[in-house]
Amino acid sequence: MLTQQIINGLTLGSLYALLAVGFSLICGILNMITFSHGEIFMIGAFSGLYTIIALGGNLPLGLAAAVVVSAAAGILTERIAFRPFRNESPLSPALITIGLSISLQAGILLLFGADTKPFPYNVSAHKFILGNTVISGIEVFVIGISILLMIMLHLFIHYTRWGLALRATSQRIEAADIMGISTNRIIAIAFCTASLLAGIDGLLAGAYYSAFYPRMGVAISLKALAGATFGGIGSIQGAMAGALSLGVIESLAAGYISASYRDVIAFTILIFVLLIKPSGLLGQMREEKV
Amino acid sequence: MVLAELKNISKDFGGITALKEIDMVVRQGGIHGLIGPNGAGKTTLFNIISGNYDATGGDLLFEGNSILKLRNDERVGLGIVRTFQNIRLFPSFSVLDHVKMGFHRRASANWLSSILWLNNTKKEESWIEEESRHLLKKVGLESFAQQQAKNLSYGNQRRLEIARALAAKPKLLLLDEPAAGLNESEVRTLLEQIREIHAEGITIILVEHDMNLVMEVSDQITVLSHGQKIAEGSANEIRNNPIVIREYLGTGKIEC
Amino acid sequence: MNTFVKKIAGLLSVGVLSIGLLAGCGSGSDKASKDDNIIYLGAAGPFTGDNAEYGTEWKKGFDIALEEINAKGVAGGKKLQIIYEDTQSDPKQSATVAQKFVKNDKIYAVFCDFTTNSTWSAAPIYQKAGLVQLAPNPSHPQLTKPGNYIFQLCPTQADQAKALSTLAVDELKAKKIAVIYLNTDFGKAVKDNVVTAAKAKGVEIAGEESYLPTDKDFKAQLTKIKTGNPEVIVLGSYYTDGALIVKQARDLGINAQFIASSSVHSPALFQLGGSAVNGLITMSVFNVSNPGETLKNFSAKYSSKYKANEPDTFATQAYDAIRLIANAINKTYEKNKKVTRQGIRDELASTKDFPAASQDSITYSANRQLENAKLYPIIAKDGKFLPYKK
Amino acid sequence: MIRNRKYILLQIIAVAIISVPFILDDKYIFHIAVMSGIYMILSMSLNVQLGFTGLFSFGHAAFYGIGAYASALLTRDLGLPFVAAFILSGLFTAFIGTLIALPALRLKGIFLAIGTMCFNEIFCLLSTNLESLTGGPAGLPDIPVPSVFGLEITQPKDYYILITLLVLVTYKVFDNLIKSRHGRALTSIRDDEIAARAIGVNITNYKIKVFAITAFFAGLSGSFFAHYLSYISPSNFALSESFNLMAMIALGGIGNLPGSIVGAGILVIIPEVFRFLQDYRELIYGLTIVLIVLLLPQGIIGWISGLLHRQQTSQDLAGSPKKFSVETILHRI
């Protein structure tokens, strides 16, 4: 059972991770919190799904649609909710994104209805059976894609000019500004990256569970935020590790303790981590300057 | 008479020694200057006295008692009050509220009394109001009383910060580069103000880059360099101290 | 604020205002027709929010019933009309809507609500005002406890549990069963009643696993259940989560027989579960093997109107709910030549052998629950529910 | 003099608004008014915590729930009279608030926000799972009707009178607190913790006390809610309820106490008024929050008083604070 639960947890964690790195990017750079990331995940999923259906099963174009729509939504969110409040209280962006998340859910519900939509293709046909453990093809695919995207993100952040600027900006916005980095553009890029990952994640999760519905981003984004915090906001590796371990913790908690207390256990562990190391397991402490 | 005494004070920041075994005696009623080149550890020492930082080693006596274990705000209650190099005002407060804030430790009405607006709260609040206006008048800011502090000129913001500290009725006032960013005439006014405060019997420790100002007002000066005390004495002694000249003034500039 | 944001804000403002105006005008015409010839009924349910899809099915069932009833007229030629109020099946909103309905003396009976929570939070208000509260879907065994104006239309979980445990033990000869249930009042009631009933029959419980309404990943629970090796797994789920659970169980190589309470009885089960749900046995509240006239009629109308195969439990119960009320209205009108809230309650309470779609016939017991509630085992097969025969 | 006249005018307006439900004398209106009152207390207490002290508490609904469950259990299962249970549930919630404050002290800004959100989730999950205590997901029905000194409270009108008194008391308490030295200390913590400490404010002590007192009032309103509806279940106290409260204080103005009353009133009434929008209601609700924060950063009250001020005084206050409320909440997190 242990291997199976770990595989379950890793799949779940991979889905959290793609959202978690987005939280980590956004919260890390701006020190602000967004509540509409789950809805970007959701509209990415819906635009992907409906493109696939409309084009009679063209998966790559579906993925492209998810990427484009969610990235656009992310950039728009930044313009509306974050740019006017830079260097101000994180409360206003939090409230605006709460509003956006409510209205995006309502909007999708009006457009596509409340019922859960299935993914029109059977994705779990391939199975690998190792003794008592079953791994389906889609699980390998989900974990694989997630890791691939993480590696790409890592390369982007550490080996490109934009990545360097991104890191500089997250260290100190004002300083980056002085150094001639266009912080507006960098922050837009951060949002764009975070959102397109969320969009891909949405389509992936929708296909994996074969369930697309307006509130599909609510619970998973809270978990992803918890995962990101757990691993360390502002750190990509931290957020990824945090999300994956949260997935595994949940799986093990449900498997060995109690499914009813699964989330209680996960959130309690998170609170303890925050208390011991407020910046998360792999996050950097920010020194208070007198 | 000794008001405060630093004994062997050391401070490490993650293995880097910022201060090494500093001894310093602050006399009651004096103005004690603290100078040194950038990175000498002046501000660190200052933060240890005020309680913003914990010392790694040594002891700190105030009126004969060790206060190293006390928190920043508790030291305010004993009469150690500071200002900040980069002026820390409360952005949403009016000028009057800043001064009222200074009375925080001197007032005694508890939460219950405040919530119910009992007589002692009422009395205390009107006393604070009266005293604050009085103090504002003294520092010449009474015409700005209802304005947001952040709309004041830089010089007035400095003055307000000092007024806020004075409202706490300090025995030891810690001024962290009060002349930074002020123009010539504002520095003159500041000098006046420091003298007035001194005249009221308040002991002052002054960290300052403006050498002229330090030399002019201080009766005792401590010179720090690379986290160590290299000299101590009156303004004249410091001016003529060969070590100071070599280490510090030898650069040809009194400013650093 | 920069101009871009200003523009967006302006655009949004215009959007909000115009949506408001449009919707206002649209519904304004509804409200204007305050005709003495109309008897209003209130429907308080989840028309938006988490459970909106079930509210949508209500509306479908209501609409077909209204067409039929209004073609003939009630209480001497009057028409029935429904006033919808969204509660999102949120208890707090349900109570608010209740206050709104009870003060509107044109409303004679109310359908409220989708969950036990939201039914109970409104119950004291309807009770005090003396307004019938007919709850179409909740199956909590104690649902009608709050007062004599509250009526249940769904066989209770006690009934379901009896049927499910009989099925599992007597028909499927299971020695070991496991339960996986939604952690709400509904799912918990399924679990509690099934576990008690099964234990009474001497069956081993190999696992009791819960999940949250927001969960879509059940593999952790299923993996745990797999180690217990049950022969039968009982689902306390709605159809959306039910379909996903069965699918994920099959992915994990669990071959146990799934049985479920009637709440999974919906064509959507096949859309979401695909071929994985084949073989699932559930309880139908309606008699599929030998449908009565009422059910046949409703199914046909539903299929042609909504281009769907067959109606689900929620639409069917909504359909019956209105017909029950219409029947009570007619009876009290015959007796008293007028319609009152009290009259409707009394007649509804004495409903006997009323031909219905969701049951062959409905008779209310003394505590306003279904007397002799029948459940019909059905098996999912290639996109259809067929009567289950051993 | 002008100030005095303004004050009297405000009192007249307040009395007028309070008496509206009596004139309309309609149970539904009374119900809405009672619900508004409950939210007014909640949003005022949240505003003291979040708006005045700058503590990013995103899980206020949990305190509301703790009060509700405590009061329900005290009366229903232990048979305590309403008045005693009411006070005790407030005190119990304050106690929990203190316990929460201790770890919360270590967290700042968005981390405190995430921590308190987790607390809210944990509370809801526990109230769902601890079935023997909380009734589980089905909740607690049959919470006794309150009686105050022998008088049974049954009609929405009676509840309305009670909640109005409670709102006024809450307002007075928080208003007194805010204008006292303790209120200044709280605001100074929000503006600049280091400067606050440097002028003698014991931050730890103040944060704990603020958690306690705001939890106390949240607990009271929870108790009132439980007895008013006589039924509670975990979904009443979900995270979305905390977000609702935040929307209320944003609407009224962050750090503006009367604003919280107005904000809560509006956000309880508006969805009712817009019921006719049906499917569009949620959409409009969400967009309204977005627009308010974008267009009225100081909230409605701040905006109106800004308008009045602009008319009264000419250009001399050109430099006066434009975004007083939002900007000053802890610029450094």
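First chain written, first letter: the chains are A, B, C and D, and each begins at residue 1.
Following the convention adopted for this analysis, a residue touches a chain if its C-beta (ideal position, glycine included) is under 8 Å from a C-beta of that chain, and two chains touch if they have at least 3 such contacts.
Source: prediction; values computed, not measured.
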By count of C-beta pairs in contact, the leading pair of chains: A-D
Geometric centre: closest chain by C-alpha means: D
Subunit A-subunit D separation of Cα centroids, rounded to whole Å: 32
Averaged-CA centre spacing for the pair subunit D and subunit C, given as whole angstrom: 35
Separation of mean Cα positions, subunit C and subunit B [Å, integer]: 72
Where subunit A and subunit B are represented by their mean Cα positions, the distance between them in whole Å: 48
Where subunit A touches two or more other chains, by residue: 80, 84, 106, 109, 260, 263, 290
Touching two or more other chains - residues of subunit B: 52, 84
Of all residues in subunit D, the ones touching two or more other chains: 128-129, 194, 279-284, 287-288, 290, 294, 327-328, 331
Residues of subunit D that touch subunit B when the two form their complex: 173, 176-177, 179-185, 187-188, 190-192, 194-203, 209, 213, 255, 319-321, 324-325, 327-328, 331
For the subunit D and subunit C complex, residues of the former touching the latter: 26-28, 31-32, 35, 128-129, 131, 136-139, 141-142, 156, 229-233, 235-236, 272, 274-284, 287-288, 290-291, 294-295
Residue numbers on subunit C that touch subunit D, as the complex places them: 1, 5, 8-9, 12-13, 15-16, 19-20, 23-24, 27-28, 31, 47-49, 84-86, 90-92, 95-96, 99-100, 102-103, 116-117, 120-121, 123-124, 140, 145-146, 183-185, 187-189
Residues of subunit B that touch subunit D when the two form their complex: 50, 52, 71-74, 76-77, 81-82, 84, 88-93, 97, 100-105, 107, 109, 111, 114-117, 121, 124-125, 128, 148, 150-151, 164-165, 168
For the subunit A and subunit D complex, residues of the former touching the latter: 27, 31-33, 35, 80-81, 84-85, 87-92, 94-96, 98-107, 109-110, 222, 225-226, 229, 233, 260-261, 263-264, 267-268, 270-271, 274-275, 278-279, 288, 290
